[in-house]
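One structure follows; several queries about it will come next.
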């Protein structure tokens, strides 16, 4: 049977010096979907996306992207397949301009064609509403703007799969609204995997939700299903 | 972004100024400038790795001397003429950089500094070990009569100047071009944040390796050019001191700028040359000036120029 | 010489190198580990220690032992004080920026060398050791009469060399205790772990850095005073200890003092022992490549943590 | 490539017979050169500018300081006697940092910036070899005081000469007969592992084997080494003579550790004074050297009844009878080498005098120098009589072997000039001027 999933993980485990961060995770993400990955702190969300984009090598299990085995593939090659990743901790090139930050990703795909690159970079910056800051050094931007720049860096790569690790952290109310708008506008074009704590954002943007707890998938379903799920409630309430 | 015309006019201006200087300065400064241009190629090679890619090597003397001995030994022991011997110099530096880069780039930061330093020291000692061919520390002369290219006597001051200029111009334009390509910009990204550059889909290991190769070959070209134009190859040029000098020149001139290496090399040369005329304690003057510059010109001479006057400086 | 005594002699000589190297390298290690600066002038502090030892021991002009004992105190103190001044005037103003401190300390290196050349001169000058008795060492061999004691030609060591090894061990143990138990040691470790946090807890970072820089330089000077009766004072003698301690600090693992000491012992001994098996220059090449390969396959050093 | 020229010095015996005509003085030797006699027109009061490449810093600094003192003394003497063709000498001294790169730059500066008439005074071989190509290209007479075999080996050029100090090849081979006949037949050599040391290794081994001796072991010490004891066990037990030569700041350590190693029971020692140049023989730890032998280029301690101009030379330079500074008896000179500067300056005066009035002074100087043969012992050449080979641009002279007795070096043998000859390896006069 041909897979309809864009991304699949099969029995992925990760062990950090005796500590199980991921236990037999099976995770499927169909193309075109906006998926949220939620769970309490330490549930293994960042570890899971780390194994997907290659920052972390899984102890066992396999990962398939677009039907292709990528478990042992080098990070940069996965990115070249169309995966974009924004860091949980802001990781921009602080001494380069905002423009150059985005342009780096654009040029990797489109080469050094000046006009084409300029157009795509400005478009990405405009989508997160910071086009007017293009000439500023990224390090001089406010924290919220740096988070938006991170997103623009991902957008600039026109990814097939866009993984965002806590994108709204540190954003103002207005910026969060803009972010939700952005996700809605992307849905359908890009598959999005969102790690998010802000339930409001999750509920309004995600079509489907995966809940991770103690390194394994606890439940999956729509927002409403999750809201009603007793296990999910327990996992969250148990911690709180 | 940056308007290209300013870049191009800067590069053209630098090269034109160097051409013009030949006609307006004395024979003495002509000689110095020829030397500075050859050594600036070494500094530019160093800057490509350090200033643009962010890798601080303490082993570039080995790449310089690989070029120097590649040419020198080819001419003196294999009876080659200038052009193929220069090619041998390039090949030798490429081979040495390729092998060392393969190992050294497994490390980064201070470990990279020490690994390159150790390989260079081993290279220096190897030159002494094969004293039969290299004449060790004493070195050897490349005879004046053999230093001709297409019938042009490279030991003539004018020809020497223009040969040095040609070597400089080719290297300078290569650097000016390379840092504008997406490859060059990726090097800057690696310098700033390697993990992020990888996460943008760049094969940073390959980029660093290629940057090191280019850096090593430019250093080797400078070494071969030095041996060719000044007629001497010796182990002194493989010693630690000659690994620290390009670092110093680049930092004085401004790391990560295209004209920084030239500015730094020229500045360091004239600092020694002028101060040693007035005092036998010229090292004190040199040392104090270096301390002063780091205190008040933190980004080097052209880095400071960029910060204060010309932010567009490439 | 037969293999056995040759090997033992090379080991003893290696131990002497290791002892002095450990002192000098620990000096660099605290500076490197805590302030995160590469002090290129560290070798010049070593050289100044030797030069001051020469001045003190010749100017005092009484019994060599008294002059030497005086130098043992005066040289590290004077060099440490000079380093504190250098820290205040230069490094602090650079905000300990890694690249700029490299250049600035290269500048310091030139200044110190030239000033020494102008005052002390270009000659290598000897300092009389406080005591120096050659001890011939015995070797055991199975001969025709069974186990025999023989006295191989050239197989010996001097009392002074043994004393240097012992003294270095005492100083290092003392230093270790000091850093582990004293308040200053605690403050140093706190600063090393997290500069901002330490500052937030009211640790005067500037003063700690100044003292650390002084301590590092003083240790280098102490190593030099110990070695100068064996190897003379010379204005260019700082080059080798700089390179070696730099290597030792990295091999040992950044900021790890026990690692630095073990690395000093390994490098000192291997330098001596490898020389038994190969022709001298080839031995140097092999020892050098060994260091390179250790780091290629273990970039964090032998005792460093991976994340460093 | 370098051409092997195996032709022997022509007329050696006749020339060495001229040695006794010492009283003639320097200029006499040139009178036979056609075209250079009595031409004194074109004289000016402009000083003669001589570029002096000094090792003020770097590993050569100990030598450089004394080369400078000797030079100043010689210039004072020459200027007091009327200078060169009535023009005073002006020394343009500049530090080369004992570095071949800076050395070449300094030579260039002498030629193009300071308009020097000649450059001189370089000691370290790598600086000479690095600088000489530039001197040749700029056609600046370059008179080195180096001991290296570089000039005579033919790798340099027509403008480079070594007119007043003998080269290592001739020194070393002249030692072999004495060592073999008086000290022992089985030699172990210890030398620095670079070109200077290799010259010792090659030329001594060859000459010693020719004499019938055996070289047991050759121990090359890596450069910049500071500890030596670990290499000494390589010295074979049956060594009769240990031949040692070391240069650089660690020489004293080397000699002291040698003493500690043997503890008074080792083989006889024969060394080159380079191992102890500028080192006080009374330094602690050198007691064991008593009874050992050294080559000396010029005897450091004033000798009874020989070298008649030595005392006057010492007084002029400011050196006492023990080879130390008059003002500080612990400040020992580089006595075995520095005479070369004194003699070279007088040589320059003589060849420039002989070349006076010619259109191109620099070329004429070289031609005049190539015509020189005998150099008589005189106050201008206090080290002794010499024979200059105009083809190889190298001088040949007497060598001294001294024995350490009661903390001083007493000359026990001096070689003849002929002992130092070897076949020519180059004829620089064939090169264009």
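The letters A, B, C and D name the chains in turn, as written, and every chain counts its residues from 1.
Going forward, contacts are C-beta pairs under 8 Å (C-beta built on N, C-alpha and C of every residue); 3 or more make two chains touch, one makes a residue touch a chain.
The model shown is predicted, which means the values in this text are computed figures rather than measured ones.
When the interfaces A-B and C-D are ranked by C-beta pairs in contact, the top one is C-D.
Put simply, the C-alpha centre of chain A and that of chain C have 51 angstrom between them.
Centre to centre, using the average C-alpha position, chain A and chain B are separated by 43 Å. In this assembly, the C-alpha centroid of chain C lies 38 Å from the C-alpha centroid of chain D.
Note: centroid distance chain A to chain D, computed from Cα atoms, is 77 Å.
Each of the following residues of chain C touches two or more other chains: 113-114, 117, 239, 281, 284. Touching of two or more other chains is recorded for residues 125, 128-129, 282-283 of chain B.
Counting partner chains per residue, chain D has residues 57, 193, 222 touching two or more of them. Pairs of chains meeting the touch criterion are A-B, B-C, B-D, C-D. Of all residues in chain B, those touching chain A in their complex are 1, 180-182, 185-186, 188-189, 192-193, 195-204.
Considering their complex, residues 1, 5-6, 9-10, 13-14, 16-17, 113-114, 117, 121-124, 126, 128-129, 132, 134, 136, 153-156, 158, 230-232, 234-237, 239-240, 272, 275-276, 279-281, 284 of chain C touch chain D. By the touch criterion given at the top, residues 1, 56-57, 94-95, 99-102, 104-105, 108-109, 112-113, 125-126, 129-130, 132-134, 136-137, 148, 150, 155-157, 193-196, 198, 222-223 of chain D touch chain B in their complex.
Looking at the complex, you find that chain B touches chain C at residues 56, 103-104, 106-115, 117-119, 121-122, 125-126, 128-129, 240, 244, 247-248, 251-252, 255, 281-284, 286-295, 298. Residue ranges on chain D touching chain C, taken from their complex, read 57-59, 61-62, 64-65, 193, 219-222, 224-227, 229-235, 237, 249-253, 256, 260-263, 265-266, 278-279, 283-285, 331-332.
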